[in-house]
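Next come two complexes, and both contain chain A; in the first it sits with chain B, in the second with chain C.
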Partner chain A sequence: MSALLANARVVAELGRRSVRQTARRPQLASPLVIFPTLLLAVQVGGAGRAVDLPQFPEVNGFLDFMLAGAMVQACLMAGNSGAIAFAIDMEMGFTDRLMAAPISRFAIVLGRLAGTAMLGAFLAVYFIALGLIFGAEIQEGVLGAIWIVVVVAGSAVAFGAIGVSIALRTGTASVVQGLFPLLFVILFLSNAFFPTNLLLEPSATVAEYNPLSFIVDGLREPIVAGFSATDSLAALASVAGFTALGLALCAAAIRARAMRGG
Partner chain B sequence: MAGTVVWTWRSQAAAIWILIRRAGNEIVRVPGAAIPGVLAPTIFFLGLTSVFGNLRLLPGFPDTESYASFLIPVSLLQGAGFTGAATGVNLARDIEQGWFDRLLACPAPRPAVLAGLVLSASLRALVPAAVLLAVAFLVGAEWPGLAGLVIALLLVMGMGMAAALWGTALAFKFRTQSAAPLMQAGMFILILCTTAYAPLDLLTGWLHTAAEINPVTDVLEAVRQGFVGEVSWADTWPGLVTMAGLVLLFGAFALRGMRKMTD
Partner chain C sequence: MPAIETEALAREFEGGIKAVDGVDLEVAEGEIYGFLGPNGAGKTTTVRMLTTLLRPTDGRARVAGYDVVEEAPQVRRSIGVALQEAALDPLMTGRELILLQAALHAVPRDRATALASSLLEWVGLTRAADRRVGTYSGGMRRRLDLASALVHSPRVLFLDEPTTGLDPVSRQAIWREVENLNREGTTIFLTTQYLEEADQLADRVGIISAGRLVAEGTPAALKAQVGRPHLEVSLADEDGQHAEEVLARFGKPLPARDGKLLVQLEHGASEVAPVVRALDEAGLAVESLDLVQPTLDDVFVAKTGQHLEGDEDTGEQEALPEAEPAE
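Moving on, here comes the complex of A and B:
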């Protein structure tokens, strides 16, 4: 029990450090806010008339529709940013010192992910506030907003875990940074920015089965229509799936490092 | 007069050519460095074409077989913008590492040094343009005609030069590679706050006003004309004039920054 408490304290401390680190390095934090906000603003103004297309779902406005996409984009970037910071820690030897300490190695990873979760929650609150200021409505009200914050924070952890596993494998920030364009490939192959039925092929087919689309739907429904049990469960299952995959990859990478003597 | 170097046009051109060749060497020796400038606009082009492809079904959208034809000009300018901004990042690196100080110690006139940097960017802008055009024709973009293509490539080179001047002005001011996001974001905003996704009449809210005011809209429309219609002088000259204005404006900033740094 005391070991569990000790590890929980380590996770909390490393999580706090991770949040402070992001806040102190504007080059890490600012793109997470600026880039998705710019893209959201340009896409809403540029493609806003898409709501007039006959097959477009009934929505209050295009901004309402796009908010979920912007949040998923931001938390994908938050996961990547957390992984870059983790890789920088490895390059600087900080992670090696932690690995040598009498704490669970998994707590080191969970500490980073705790920080990423906080960042995800912040980004969700930011986009909800931005949406409300510019006229979006959340049909499910406060409960819907809380759900969104939880799912976005969970998604940030899931994507962060996958990123950290790559950082653990490679140990270099540039490789993790190199994944950045890939995030957009995954995003464009989902329904983050447009309804699946209006995407062109082959994106439409890929988006239908892309687990990221399930997360987007789980975030979008409370905003544009109201809770849907199917969409909410699918979103939770997707977040859980990504998290399990990421943590499994992290565990394997830690084992591989330990065997190499790293 | 002993030791005084007289810089003729020919010797200045030689200095500029040497700097262009140095930038060219980087493409040959570090081909990986060109990948981000090619990859990002290509991913955005393919992604946005498949995402917003059905916007062309909206009433008032120009008559075109494929949204790729409408979008490719934006991607061409984006590619040039990223490539130009990279020149600013490379200069900031050279300043940080002291290489630029050594360059300034040579007796070449300052404008020739600056011209060498930005002209190389305008040529390098053709690398992402070539890849993007190949991809665009593969996914169904219409052939813009020879005149349309020449105008497009000329303006892409101009955008590469303008972006490089913007990047170098910032590099002279901040003297650190940390200014890279500012160099890229400036071009990103300038190019996307136009008729990037849809024609002016279909834009909504603030973007409609921004696109109307933004001079890059004229450049984009001049690049686009061959891909979605007929090439005309009326659609060409505003783009050329705007591009010349951007190069002069950012050029003045960059020269001022360079003088401030070396004074």
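Moving on, here comes the complex of A and C:
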């Protein structure tokens, strides 16, 4: 078996393990569904008349507008949850078992991220289904739904990679868990829950350049209006940028870890 | 070619802490090498370097003929590793863990399933194979860990404190499995803090203290270095001085301990019967008489001035509240 195929098999096996782990540890998986759903329900129920504001983008309903934000919130949490699970593996020594095997150490990271991608895809399907049940419409139809699943899964991988790099650096789940509030702040400084043009300064400027806003736009447009080449490309670039950054940080952390051990 | 060979192997951590300080080892193919030392002596750090999990800061090491730094992938292909505390995912089943381990070592899928079943049977976990590891007892976890280290038939097996915290029955089960593996030709590098374990299993023992190898040899040779056996005599009456005079004819008197008179026998165990006769002829009633052979702890004391930690734990039961009865 070639080294590439052997590593691909390891990534698939570790991805499968990651999915099983999530399913078998409901206390980790359930918040990913429950919290974004609750926030979505509270915002749609409480601020639904925001669509009547002057200059609010033309949408079918506030739920249609909010779905993208809920999905980005969920995939941020999925990435963070995957990174916490990775750190727990390190704390209990399971990662040593993997690192003592004749595989690329990067395959261990990719295996975890494969599981995170599956979790992201599941969350995207869940929010699409939830939206459709409660009256939202996806203007771009099935193709738009597939695009959303792909972008959400990719975003979960991107955020997961950054989290895993921190897990590799610190080796402690509590530090990775501590990132969560920061992720929330960054999310609220984007256009996830309110249109940029209605935000006050300096929030509007921050949201305009916040890379999360590009991902939100890339998910929102197929729902509320239809594909926009500019928004889609910006979303892809943002996901790719986060992923590249995360993987580069992981590679550096693996090298550093090999030197210092532990 | 030795299975394991190190030259001045050293590992210094941040802050100048030397966990391993110039260790020279040579372990022959097919040998069980016991690496004995108290907690914090440098056993685990040495194993982590030999298994490529940690780079040495000085010196060099070869395992199965490969350099642990320059040829780390080849080393990993040749070794099996069961690390301290059996690092197992409690959410996986035993079978899932073996199958994952098979994937890590590129065992073909069609062979992996049959191999998992046979390994689980070998360690007596067939009935528990599809239960989550979180429900296993400590002994079952160790046996599963051992089985998982064997999926690729490694030439060299590293066992880092494989029985720490186990009850005596589980400990004996692990020992039997280690002996069986060794009979099949696997070289075993075993770290332990238990004297009995090193004595029972190891062909040769290396004693490490504060990062340095302080003694090495077969258990018998090491004990012989320390001295001859001694006799502990407890008398029914109080005529200690008279008894001391009698015992002194047979060897060097040692300081009394717990009311017992001690004498290091000049000519070893063959003098036990003459001692008994001499005490009887002197009209001294003996309450108890024990011939005490030197132990590896005596070797450790002689080399370092300290006793090994942890040996008192030998009979302790592990505390695993979630554990179910072992098979």
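Criterion: the second predicted complex is superposed on the first by the 260 of 262 C-alpha atoms of A that agree within 3 Å, B and C clash if a C-alpha of one lies under 4 Å from a C-alpha of the other, contacts with A are read in each partner's own complex, and residues count from 1 in each chain.
By definition in this document, a residue touches a chain if its C-beta (ideal position, glycine included) is under 8 Å from a C-beta of that chain, and two chains touch if they have at least 3 such contacts.
It should be emphasised that the depicted structure is a prediction, and the values quoted were computed from it without experimental measurement.
Engineer: With both structures lined up on chain A, is it a clash or a fit for chain B and chain C?
Structural biologist: Once both complexes are aligned on chain A, chain B and chain C fit side by side.
Engineer: After lining up the shared chain so the two structures overlap, which partner does A:187 touch, if you call chain B first and chain C second: first, second, both or neither?
Structural biologist: Only chain B is touched by A:187; chain C is not.
Engineer: In the overlaid three-chain picture, which partner chain does A:53 touch, first (chain B) or second (chain C), both, or neither?
Structural biologist: A:53 contacts chain B only, not chain C.
Engineer: Touching A:43 in the superposition: chain B (first), chain C (second), both, neither?
Structural biologist: In the superposed model, A:43 contacts chain B only, not chain C.
Engineer: What is the value, to the nearest 10 degrees, of the angle subtended at the Cα centroid of chain A by the Cα centroids of chain B and chain C?
Structural biologist: 90
Engineer: State whether A:13 touches chain B only (first), chain C only (second), both chains, or neither.
Structural biologist: second
Engineer: Look at A:31 in the shared chain and tell me whether it touches chain B only, chain C only, both, or neither; answer first, second, both or neither.
Structural biologist: first
Engineer: By the touch definition at the top of the document, which applies to A:101: first (chain B), second (chain C), both, or neither?
Structural biologist: second
Engineer: Upon superposition of the two complexes, what minimum C-alpha distance (Å) separates chain B from chain C?
Structural biologist: After superposing on chain A, chain B and chain C come no closer than 12 Å at C-alpha.
Engineer: Over in the complex, which chain B residues touch chain A? Could you list them?
Structural biologist: 36, 39-40, 43-44, 46-55, 57-59, 67, 178, 181, 185, 188-189, 192-193, 196-198, 202-208, 210
Engineer: Applying the document's contact rule, which stretches of chain C touch chain A when the two form their complex?
Structural biologist: 11, 13-14, 48, 51-55, 73-74, 76-77, 79, 81, 83-85, 87-89, 91-92, 96, 99-101, 103-106, 108, 132, 148
Engineer: In the complex formed with chain B, which residues of chain A make contact?
Structural biologist: Counting only chain A, the residues touching chain B are 27, 30-31, 34, 38, 41-50, 52-53, 62, 181, 184-185, 187-189, 193-194, 198-200, 202-203.
Engineer: For a test of understanding, state which residues of chain A touch chain C in their complex under the given definition.
Structural biologist: Against chain C, the touching part of chain A is residues 1, 6, 9-10, 13-14, 17, 20-21, 24-25, 89, 92-94, 96-103, 258-262.
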